[in-house]
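Presented sequentially are two complexes of chain A, the first with chain B as partner and the second with chain C.
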Partner chain A sequence: MSRPAIAEPRRAALPLRRWQAMTLAERQAWLAWLFLLPALLVVVAVAMVPLVQTLYFSFTDKRLGALEPEQWIGLENYRFLLTDPLWWTAVKVTVQFTVITVVLEFLLGLLIALVVNSRFPGRGPMRAAMLVPWAIPTVLSAQMWKWMYNDIFGVINDLLKRAGLIEQNIAWLARPDTSLIAVASIDIWKTTPFVALLLLAGLQVIPDELYEAATVDGASRIRQFFTITLPLLRPAIVVALIFRTLDALRVFDVFYVLFGARPDMQTMAVYAQNYIVAFSDVGYGSAISVAIFLVIAIFVVAYVTTLKVEVQT
Partner chain B sequence: MRDMRPDRPYPDVLTVRLSRRQVLRRAAVLGLAMPAVSALLAACRREEATPTQAPAAQPTATPTEAAAETPTAAETPAGTPTVVTTPEMTYSMDNPPEVFNADQASQYSGTTLTYYGDSVGIGAEMDQILAGAFSEATGITINVVPKPASATENYAAYQRFFSAQSPDVDVMMIDVIWPGAFAPHLVDLSSALGQEAQAHYETIIENNTVDGKLVGMPWFGDFGMLYYRTDLLEKYGFSNPPETWDELEEMARTILEGERGANPNFAGFVFQGNAYEGLTCNALEWLASSGGGRFIENGQVTINNPQAVEILNKVRGWVGTIAPQGVTTYQEEDSRQVFQAGNAAFLRNWPYVYSLASGSDSPVRGKFNVAPLPAQPGNPHVGTVGGWQLAVSMYSRAPEAAIEFVRYMTSPEVQTWRAVLGSFVPTIPDVASRPEVLQAMPFLEPMEAVERVTRPSRETGERYNEVSTIIFQGVNQILTGQDAAQVLPGVAQRLQRIVG
Partner chain C sequence: MRLASAQRRDLRRRLSRILFYVVLAIIAIYLVFPFYWAIRSAIVPDSVQFATPVVYWPENPSLENFRKVLATGQFRRALLNSAIVAGTVTLLSLAVGAMGAYALGRFRFRGSTPVRYIILSMTMFPSISVLGGLYTLITQFGLYNSLGALVYSYLIFTLPFTVWVLMTFFRQLPRDLEEAAYVDGASPFQTFWRIMLPLSAPGLVTTGLLAFIAAWNEFLYALSFTQTPDKRTITLAIFYFSPQTGGGFEIPWGQMMAATVIVTLPLIVLTLIFQRRIIAGLTAGAVKG
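Let's turn to the complex of A and B:
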């Protein structure tokens, strides 16, 4: 029992001496790493491990519930993915949807933000009311819109007919040429308030003094908008655009409720969900996930380079 | 100058500081708002939940068909009787059939079984009553657990039980398309219940027999059938329901032309054209009734053939003419609502519609009847089989007791009782022809001769979902305008990759 008691202080002595020999800066660096360690371990456990695992599975024929272990099949999953017309339809639908919704949500959101940023009676309730569409869970609002779009008893056809704009009911969600417009308008209705909220936050930190000075200098309202509001709003715009673009590229719920597994209206996420959940095909599903990651990466790189997002230190 | 950079004008404006009091106040407001918000959401949800659960039909592990999930007429249509009296017998909910195998089962007295039964409606109620009667007579305790209402979740739950080799479930309801996938984990019932199985419809027993193992006993069944408006057929001079698809097309067109003037929403024929499991069922009927085969037969992919191309292109021609354009988005409930509101002359659907359309608040009550689905000349009338089986888990600690419970639950006596009081379609022909059953479900009589066709779930096992998705996605593409001759080769190729 006495030997460990002697050995212990001796073992402790060496690091202690080394510690004492360090400069203050070195000590602080070590301490910093020590404090960071738990956080790093968590990141590795919840982010890195699944990521690497997904990458690995994408080269195998792993299936959920399969009795035999997975086999390494190289690039076979990727080969099938690249030659699958349904995948390319999904990419096309997703990108079209993203472009339409992000552009319109941004323009409408900016307009709304400018309006609710100005002073008028009832501004507070107005700002709150604006958020209602965004607060409704998407599966519910999508179901609600699905009924509104219904070809037989839907309210949209009814209103258009009363207004004399159409003669025959239109099957909005069935016709290939109206489906995308229908689903995009739901997303615009739902998410424009969110964009407006982000932009409103950006507008509120622009000091009034700048506008006052500009007015004194004789700048018109429009000039003020383009030289003061828009440049100062840029950080908020970048955040809003990146948020919305990434969300739109990953869109799942509204398409799933409206179209299910309809082959010409699948998004990348619906396509992936089909394979992973419905078919238990984790290997191929992982390859899809990697491909989705790459598509999204293209958009992010494009944003970061064109909008010159600076890393602020 | 640097501090004047536009993107960070006044750093102190950006860092909003909140006092403790402000934080508390905001937290309180948020806390109070939550119940209000959740109450609102709950209110929305309840309304939303009703239509998705109502129907019955079919199965499937595909997530899309909210509607297609649950069991049959289970949703207690208006006026389901609780007591039915015939000259020989009185059927009532509090008087379940006698446990005829009590002597045999009593040797396992004291064991406890967990049974994954019906999730909703009268089916769940009947499970409790039958389990209670069985327990009382045998001393075997039955722990009745309602299975998940969604077929997808249900499938996933069983998958988890089986991959963990869990003894937590002994007897379970399985969908008609699951035996192939779950066969390795289910007890072979052929030695214990082989005798009883002979009384059931042969196609269902065949469907439930995987590699010579009988993995599930048929419990109640579904099949596709044609609902038609008797008053409209008469009005336009048709004396009988259509025999062939061409006849149906012609009748639908005549009626449609006559009715459109008065009702612009009128449609000739509605079915399930959405891209989901229900479309696979519809397509199987179209193909099998026109010599187009059954997608996959004896390990061969047969979906790409001239008859299949012909009939699918014919159906494509219906979309936007005798069928509404929106039919490519319809599931069971959408098509039922159109028919039941009086807006269609013909409907393809499952038996659950019968009691709903006969309800006292139904506009078509007394104006419709049921016939076998049409078939092209020289081909049999068919109906896709749906429904549920009872199976015993291989990981059960008391499989013998579980088998006795299944023997009781699937017996002619229990099936009759469930048919008369709950409108569950029997899987035993002798039961289906009993007068008291026919009285509850008059449509069973014209359907007796219909050939029951099964989806290729047995031969594709755990990959059936994928097979079905390939089929319904392909057929949906055809319905929305593509040529079947262009689509089917690709569908066949994808199927071939799975079948091998």
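Let's turn to the complex of A and C:
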């Protein structure tokens, strides 16, 4: 408070003079960082700090609500993780789910994209309707299907019985051998149209002249598909595959709604969330989170090296 | 002979046309049937709901389930909570994200490439991988079981995405308008606020909508960071749906489907209106093969 008032004008003048002495490029850089500052602060607060903390906790025995502060235990959590049968069950369930859904969503999505790409009346509304399953919350679509899969009053059992495919009601969501099919069918329903839209966007940039020229040269429809459509669709296919795989590996909502934390039907994300929140075991839960991150990283590296993706920035 | 082969070709074409429409119909039914079933289950009374064999076309539809759901305070509260959280997150992401995107999209400066890479990697970041850290932070700062915890944590997926998509929008804008503004003596902030922001309004609408939908649909953080019913968002309310009105032996599926229809309808309307922009925004994404 006792600062001499006379110093104020000089303090204010100095940055201004420095600003005027700057080159245009220097000024631009300052301005850019100024514009970026709020976003960077938010990123640090909501992502960087929690990320570093999670990494740190994974090397400790941190428990929420514990009286004593956490202790550094080195790789103890990770050592336990490697021999934890429930973790490996979760990995198995997640990877099985990922492979089933990504493959089927891609094949079905491609079929739908090819069909919708040809001209027919009602194409516009059809395209619009395809976005709808994607837009509704996964929790809601999971509940809708949970009701359809209901073992006594469910419409799926009823339809299958009418078609003569089954004789007795099946408890789809309770039986270990049908649970995975049931949950995969929900994800496929919700996400295939979205995959189809991504592929459709790729199909629409392929010029018609290519097909016309191929037809003149006598190439069959099937040949055209493999020599024109598929190679030119590659960028869209790569995007769709990577997006879907990353999403499937971190799946949480649909499994949690259908199975809660049932030991034989937990995904990696359900397993981690359960440890952190239900058991307050932040240390081990964080180690699971880091492990999930590593599993996803392995998939990304595999994709990038096999499909030769280039990242555009 | 020639006539016969022409006829055969004609027949084949007609057959493949029929096959095409059969495939189309199967796809359409597969897409639409679950929605039909949700609506049918919402408008039948429990006596029909829990009857075997299943009734496919209800004779006496009633809005009883809708009335019951809307009468519960918890459901209305959850709708309000979701609107507050998703609205706040969207506005914050747009305000902060547009400025950041402007810097990254229109300025050349050292350090911009690493920042872009960080933002890009965050758009693919799994929310679960920071749960331990977030949960501890939120408890430490007394945010546990508050809507503030959700606003704070949802920014982790809405902000990077907003920056990324808006950046591509800003890049597409012509240079001359911006330069004209500078020549006329406008400050950088005036140029951003008066010229660039209005020009990128379509981009703001798209990203805002996508951020809103993402926040509205979120489940993992809502489940982890809240506890009491009055703090539940809509996804949690529908997850925890339990018999409240009328002691039933089953989960009140009719009411739950009514709630689902109520929550889904605005989303369907929004996506149908903005479908072209949504697709453009989603495919303006990150990776190029």
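Please note the rule applied: the second predicted complex is superposed on the first by the 259 of 313 C-alpha atoms of A that agree within 3 Å, B and C clash if a C-alpha of one lies under 4 Å from a C-alpha of the other, contacts with A are read in each partner's own complex, and residues count from 1 in each chain.
Following the convention adopted for this analysis, a contact is a pair of C-beta atoms (placed from the backbone, for glycine too) under 8 Å apart; a residue touches a chain by one contact, two chains touch by 3 or more.
In this text, all values refer to a predicted model and were calculated from it rather than measured experimentally.
In the superposed model, A:Phe252 makes contact with chain C only, not with chain B.
Contact with chain C, but none with chain B, is seen for A:Ile292 once the two complexes are overlaid on the shared chain.
In the superposition on chain A, A:Val155 contacts chain C only, with no contact to chain B.
Using the contact criterion defined above for the overlaid structures, shared-chain residue A:Ala174 touches chain B, although it does not reach chain C.
Contact with both chain B and chain C is seen for A:Pro235 once the two complexes are overlaid on the shared chain. In the superposition on chain A, A:Asp264 contacts chain B only, with no contact to chain C. The wider contact with chain A, measured as residues touched, comes from C rather than the other of chain B and chain C.
By the touch criterion stated above, A:Leu64 is placed in contact with chain B and with chain C alike.
Of the two partner chains placed by the overlay, only chain B lies in contact with A:Phe279; chain C stays clear of it. Looking at the shared chain after the overlay, A:Pro137 reaches both chain B and chain C. Residue overlap on chain A between the chain B contacts of one complex and the chain C contacts of the other covers 64, 135-137, 140, 143, 150, 152-153, 234-235, 256, 273, 277, 312. Taken in their complex, chain A has these residues touching chain C: 25, 28-29, 31-36, 38-40, 42-43, 45-47, 49-55, 57-58, 62, 64, 111-112, 115, 118, 120, 126-141, 143-145, 147-148, 150, 152-155, 158, 189, 193, 197-198, 201, 234-239, 242-243, 246, 249-250, 252-253, 256-257, 268-269, 272-273, 276-277, 282, 285-286, 289-290, 292-293, 296, 307, 309-313.
Across the complex, chain C meets chain A through its residues 20-21, 23-24, 27-28, 30-32, 34-35, 37-38, 41, 49-54, 56, 95-97, 99-100, 102-104, 107-113, 115-120, 122, 124-137, 139, 152-153, 155-156, 159-160, 163, 188, 192, 213, 216-217, 219-220, 223-224, 234-235, 238-239, 241, 253, 256-257, 260, 263-264, 267-268, 270-272, 275, 278-279, 282-283, 285-289. If you check the complex, the residues on chain A that touch chain B are 63-65, 67, 85-86, 135-137, 140, 143, 150-153, 168-171, 173-176, 205-207, 210, 231-232, 234-235, 256, 259-264, 273-274, 277-281, 312.
Of all the residues in chain B, the ones that touch chain A in their complex are 6-10, 13-14, 37, 41, 44-45, 48, 61-65, 152, 159, 162-163, 184, 264-265, 274-276, 324-329, 338, 343, 462-463, 465-466, 469, 472-474, 476-477, 480-481, 490.
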